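Each of the next two complexes has chain A plus one more chain, namely chain B in the first and chain C in the second.
After this line comes the complex of A and B, so read on.
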């Protein structure tokens, strides 16, 4: 058996043991965490071997499911997705051990660990499965396991509602996947991935759209994102990190894998993805910016980053369809690298937000503040994550966005007008996303960690324990390491690309050498930047040595009694942008402004609504419900008539078959 | 080799002469107002004085507040090394370096905003919020303007766009040049906190943007911030001068001297704008920035036609 299957078995065994020993919380946690970490470490053997240049191994066993077989393979693309899944899962498990300790005795953490390990195992199987039945079973298991993880605090009303939204959304997505794979299988005559060949152009377009909707629901493309901002805040933070960091990336993996079955892409596929990416990116970051709940902010930012990935993929497809290899490779490589980068910084940010919620008991940014002094480690790691997600050099986020920008600018100077216009749109979109993301994350970090605490609970916050900050440290280090090893990372990604898409190896070599030499300049500039920072720190220390360095209160412009509540809040910080884009962000404001010379009452309240959820899905589902409820007369509870239904149905089928 | 020497020479000139730009702007404004005005070298005196002072830090602040001025200066220094000047390539030039340029300015802004929020002051929060808002709108205009130049010159590196034979590509695109220059001028005014976006001389914290964010900095830290602002004005000004002066003689020293004269001409121009215009209401500023994007978009339309 290949090591990756051993890993799956270890994970499941750990999960089952955790469930069996649920009455002994310590033991069950040990089984859950131990199984998860051991499984992830063993699981890393094979993908690392493949990425280091080893050959990919296929493994096949018969399976009693019709058309199913236990067919798996760890090729370069699978290995590339496996590494972030396994690393982040192991770190999230270690973090979760301490995070979940607060519930010990109050709720069965054994079940939670069972579903955690099942989620990790199913994610592994999703990216290595090479048979449709196996893939869909793992996909469904992944959705169900994460549903149970999201509803961990099921006594809360909003958590139940979030879980329900997620369950419905994920199954609508899966329905599209069923249609996709049935069509693929019917054309190929088999449900094994290896037999799926290039589809004829007419049906390929339908298959592409099915894949975009089915996998896009998981990946969080707008307007299919509505479950994300519900499910991510409701789940325990290590689960949010896992779901946002890697689970939604299985949607990207699926889309990418299916694209390799569909043959050469026409231009409109690329344009569709660029359009989806621009909408998801810009609206995602705008919604994120307007949030007060820090985890909901991060969830919307996941939609934004899914948008950036879609922009890269779209640009890549566009480049492929017009035969511009540099544009194609830069776009696809940027998108794939962003998958890993986003796993690192979004995992880090969710773990950081979890540590804050764990310590203060609130996720409302307007009740936080001043936490960098109370939680110095968490705060510093969160700052690294925030800078990385804003694509600031020299961290990893800059590298992947730089690759996409490079492809787009190559498109702008291209001779073919058909590339120039979408590439220009992409440049504008990415620039706007970048500016808004900077506003969003200066707000998230600045309001939560800087200034004075805005509530008692924030004032009494404490630093989290070692099991929680070491995973954050590891992820922060990964953000810096990928940023500094950009040329190597780029070379690896392009090798994965070449293997998955079958691009001409000789032509790829040329692009690889161009991109790596450019990226080494970028890294050089980043190193120079850090050297300058260190030099300036020492220079200032020399300057201030022996001089008076005093400490005083913040300058309050002559006001006598400044108070922590007078600080700018999360809502006030984002108010100008929320006002500017009020057409896109649905803000409901209830206010009674003070009236008269001696106003008695006055209040102001604002509430954010997701325009897609309120104006698109709510009417849609209400219409479906009213349509379906007309069928109620069939279901009246009289058993005799039900038996009659069965008899009539059988009779009709019999007559039809005759 | 001589190219490299000139790159180094112009970088050192930028580092030395950047504070002088503000002196020229202030003298121009004084001349318009009928005052004598401060000495041309006033900012140098200020920097000298501030560097010899001690420091006062707010008890609310953390290491982020102290990191702000340092990260800001470091990023604008690297950005200066990416800026070509007077027909000579920049010290550091590679394809798509304009993205690094834009994101280095982003890094400067990120830390300035955080340092402002670190003080816990409502006024500084106000400035931070405004800075975040306006720069988010200025960024697309800057990159779209540069994309026009990239398309016209066929190069995606700042040095490639603004040096050597790329210049001839501009010959038939006069109107587009002017439109891009207009867009970049608006970005320059907004990013450097000049009228009509922000008034560097205002005395009311409520109406400030950039000045209010750095209220709590003093001593050497404030010196770093003042110098960073001057250098940022220089690098964005250099981009604008590069766009407006595409003609080159090929003699790097002569071209550089012309560009240097143009830089101070630009400073006079900024001073004139500040003297003859009122500041826009804050709610109007986004419209100005979007119109900068529209100018760049129109230029793109012209070159693509």
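After this line comes the complex of A and C, so read on.
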């Protein structure tokens, strides 16, 4: 048995033991965390070996499920997705051990650990499965396990609602996947991935759309993202980190994997993905900007990052369809690298937000503030994550976005006129996303960690324990490491790409050398800049050493006692931008501006509605409900008539077939 | 075969529950005799013993305890029921004639009769109010399945038939107890009243 299966078994065993010992919370937590960490460490053996240049081994066992087989393989693409999944899962498990301690005794943490381990195991199987039945079973298990994790605090009304939204969304997505795989399987005559071949152009288009909708629901593409901002804040933070960091990436994995079955892509696939990416990216970050709940902000930012990944994928497909290898490779490599990067920094940010919520008991940014002094470690790590997600060099977010930019600029100067305009649009869109993301995370970090505390609970915040900050440290280090090792990361990603898409290795080498030389230059510049900043910090400290540093109140507009309420709030920080993009995000503003020379009462409140949820999905589901409730007369409770339905149906079927 | 048909017609046309129980028992015994032709002594014996003695006893007990004698106000009247029964006989012989011909079996009549018995059972379940009559319908349905099984395979898989027999034995046992409890809780076993237990639309 390959070590990756051992890992799955370890994970499940840990989960079951945690469930069995649920009455002894300490033991059950130990089993849960131990199983998760052990499983992830064992699981890392095989992907690391494959990424280091080992050969991928397929493993096949018969399975009693019709058309199913236990067929798995860790190829380069799987390994590339497995590494972030396993690393982040292990870190989240360690973090969760302390995070969940607050609920110990009040709620069944054993069940939570069971589902956590089941989620990790199913994510592994999703990525390594090479048979449709196995893939869909794991996919569904992943959805269900995460549903139960989201509804951990199921006595809260909004948590239950979030859970339902998630469950409905994920099942609608899965329905599309069923259609996709059945069509693929019918064409191939087998449900094993290996037999799926290039489909004829017409049906390939349908298959592509099915894959985009089905996997896009999981990945959080707009307008299918509605479950993300509900489910991520509702779940415990280490689960949010796992879901946002790696679970939604299984959607990207699935899309990528299916694209490798579908043969050469026509241009409109790329354009579709670029369109989806631009909409998800821009609207996602705008919604994120307008949030007050820090985890909801991060959830919308996940939508934004899924958009960036879609932009990269779209650009890559466009490049492939017009035969422009540099554009194709840069776009796809950027997208793939962003998957890993996003897992690192979004995981870090969710863990940081969780530490804040754990320590202060609130996620409302307008009740936080000044936490950098009280939680210096969490604050610094959050800052690193925020800088990485804003794509600031030399951190990792920059590298992947740089690759996409590079591809897009190559596209703009390309000789193919059909690439020029989409690429130009992509550059503009990505720049807008980047700028808004910077504003968004300035807000998130500034409001939460800087200034003065806005509530009692924020004033009495305390630094989290070792089990919580070490995972954050590890992720922050990963952000920096990928950023500094950008050329190596780029080379690895392109090797994965070459393996998955079967591109010409010789031509790839050329692109790799171009990209790595530019990247090493950029990273060098970034490092130099960092060195300069650090040097300046030391110089300042040197100059200030031995002198007296006075602390005085901020300029206070003539008030003698400025208090915490005079600071910028989350809403006021984003208000100018929210007004600018009012048409796109539909903020509801209730305000009574101050009047006259001596204003008495004035207030300002803004409330954000998700346009897609309220204007698209709500009417749709209400229409479905009213349609279905018209059928309610069938459901009258008379047993006799139910039996009659069955009997008549059977008789009619029997007679009809004769 | 003719006896089976007649017993079915009696089932749909009779309002006394006691009569129904007797006829369903008779039907069971008659069916139990059929495997004798195939020399399945064990199956025949078990079938006769359970259907001919245990079931009537259980059902009579349930009837006494629930204190019902007659099927009052069924959804479909008794003469109409008889008409429907005759129609069902016609339909089942038509279906049987269209089915692919079977290997020569006990009797060429076995298929239509089996189908007819099944339809009768379903019809009883659908059209009667008393839970007890519905149990009788269920038994008739099972008798039909039994007969069909006999007709279908010459070498009747004894294990399967015994399994079914055990199944319905338990089912009737449970139903008898349930009916007793329902009647004790609600003072009657009219299923019309049980309709009130459904979910109300919100």
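Please note the rule applied: the second predicted complex is superposed on the first by the 631 of 658 C-alpha atoms of A that agree within 3 Å, B and C clash if a C-alpha of one lies under 4 Å from a C-alpha of the other, contacts with A are read in each partner's own complex, and residues count from 1 in each chain.
We take it that a residue touches a chain if its C-beta (ideal position, glycine included) is under 8 Å from a C-beta of that chain, and two chains touch if they have at least 3 such contacts.
Nothing here was measured: the structure is a model prediction, and the numbers come from that model.
Enquirer: Label the relationship between chain B and chain C on chain A in the superposed model as either fit or clash.
Expert: fit
Enquirer: Kindly classify A:522 by the partners it touches after superposition: chain B alone (first), chain C alone (second), both, or neither?
Expert: It touches chain B, and chain C stays clear.
Enquirer: Tell me the contact category for A:567 with respect to chain B and chain C: first, second, both or neither.
Expert: Once the two structures are laid over each other on A, A:567 reaches chain B alone.
Enquirer: Which partner does A:629 contact after superposing on A: first (chain B), second (chain C), both, neither?
Expert: In the superposition, A:629 contacts chain C only.
Enquirer: Examine A:640 and indicate which partner it touches, taking first as chain B and second as chain C; both and neither are also allowed.
Expert: Second partner only, chain C.
Enquirer: Please indicate which partner A:655 is in contact with in the superposed arrangement: first for chain B, second for chain C, both, or neither.
Expert: It touches chain C, and chain B stays clear.
Enquirer: Give one of first, second, both or neither to describe whether A:1 is in contact with chain B, with chain C, with both, or with none.
Expert: After superposing on A, A:1 lies clear of both chain B and chain C.
Enquirer: After superposing on chain A, what angle in degrees do the C-alpha centres of chain B and chain C form at the C-alpha centre of chain A, to the nearest 10?
Expert: Given the fit on chain A C-alpha atoms, the answer is 160 degrees.
Enquirer: Once the two complexes are aligned on chain A, which partner has more residues of chain A within touching range, chain B or chain C?
Expert: B
Enquirer: On the A-aligned overlay, A:597 touches which partner chain: chain B = first, chain C = second, or both, or neither?
Expert: Neither partner.
Enquirer: Using only CA atoms and the superposition described at the top, report the least gap between chain B and chain C in Å.
Expert: Here the least C-alpha separation of chain B and chain C stands at 48 Å.
Enquirer: Mind pulling up the chain B residues that touch chain A in the complex?
Expert: 51, 53-62, 64, 67, 70-71, 73-75, 77-78, 81-82, 92, 94-100, 102-104, 106-107, 109-110, 113-114, 117-126, 128-130, 132-133, 135-140, 142-144, 147, 150-151, 154-156, 205, 215-216, 219-221, 224, 282, 286, 293, 300, 304
Enquirer: Across the complex, what residues on chain A touch chain B?
Expert: Result: residues 369-370, 372-373, 379, 383, 387, 390-393, 398, 401-402, 405-406, 409-410, 412-413, 417, 420-421, 424, 427-428, 431-432, 434-436, 438-439, 442-443, 445-447, 450-452, 514, 517-518, 521-522, 524-525, 528-530, 532-533, 536-537, 540, 543-544, 547-557, 562, 564, 566-568, 572-577, 580 of chain A touch chain B.
Enquirer: Quick check on the complex: what are the chain A residues that touch chain C?
Expert: Per the stated touch rule, the residues are 629, 632, 635-641, 643-644, 647, 651, 654-655, 658.
Enquirer: Contact residues on chain C for chain A in the complex?
Expert: 75, 91, 95, 98-99, 119, 122-123, 125-129, 134, 191-192, 194-199, 201
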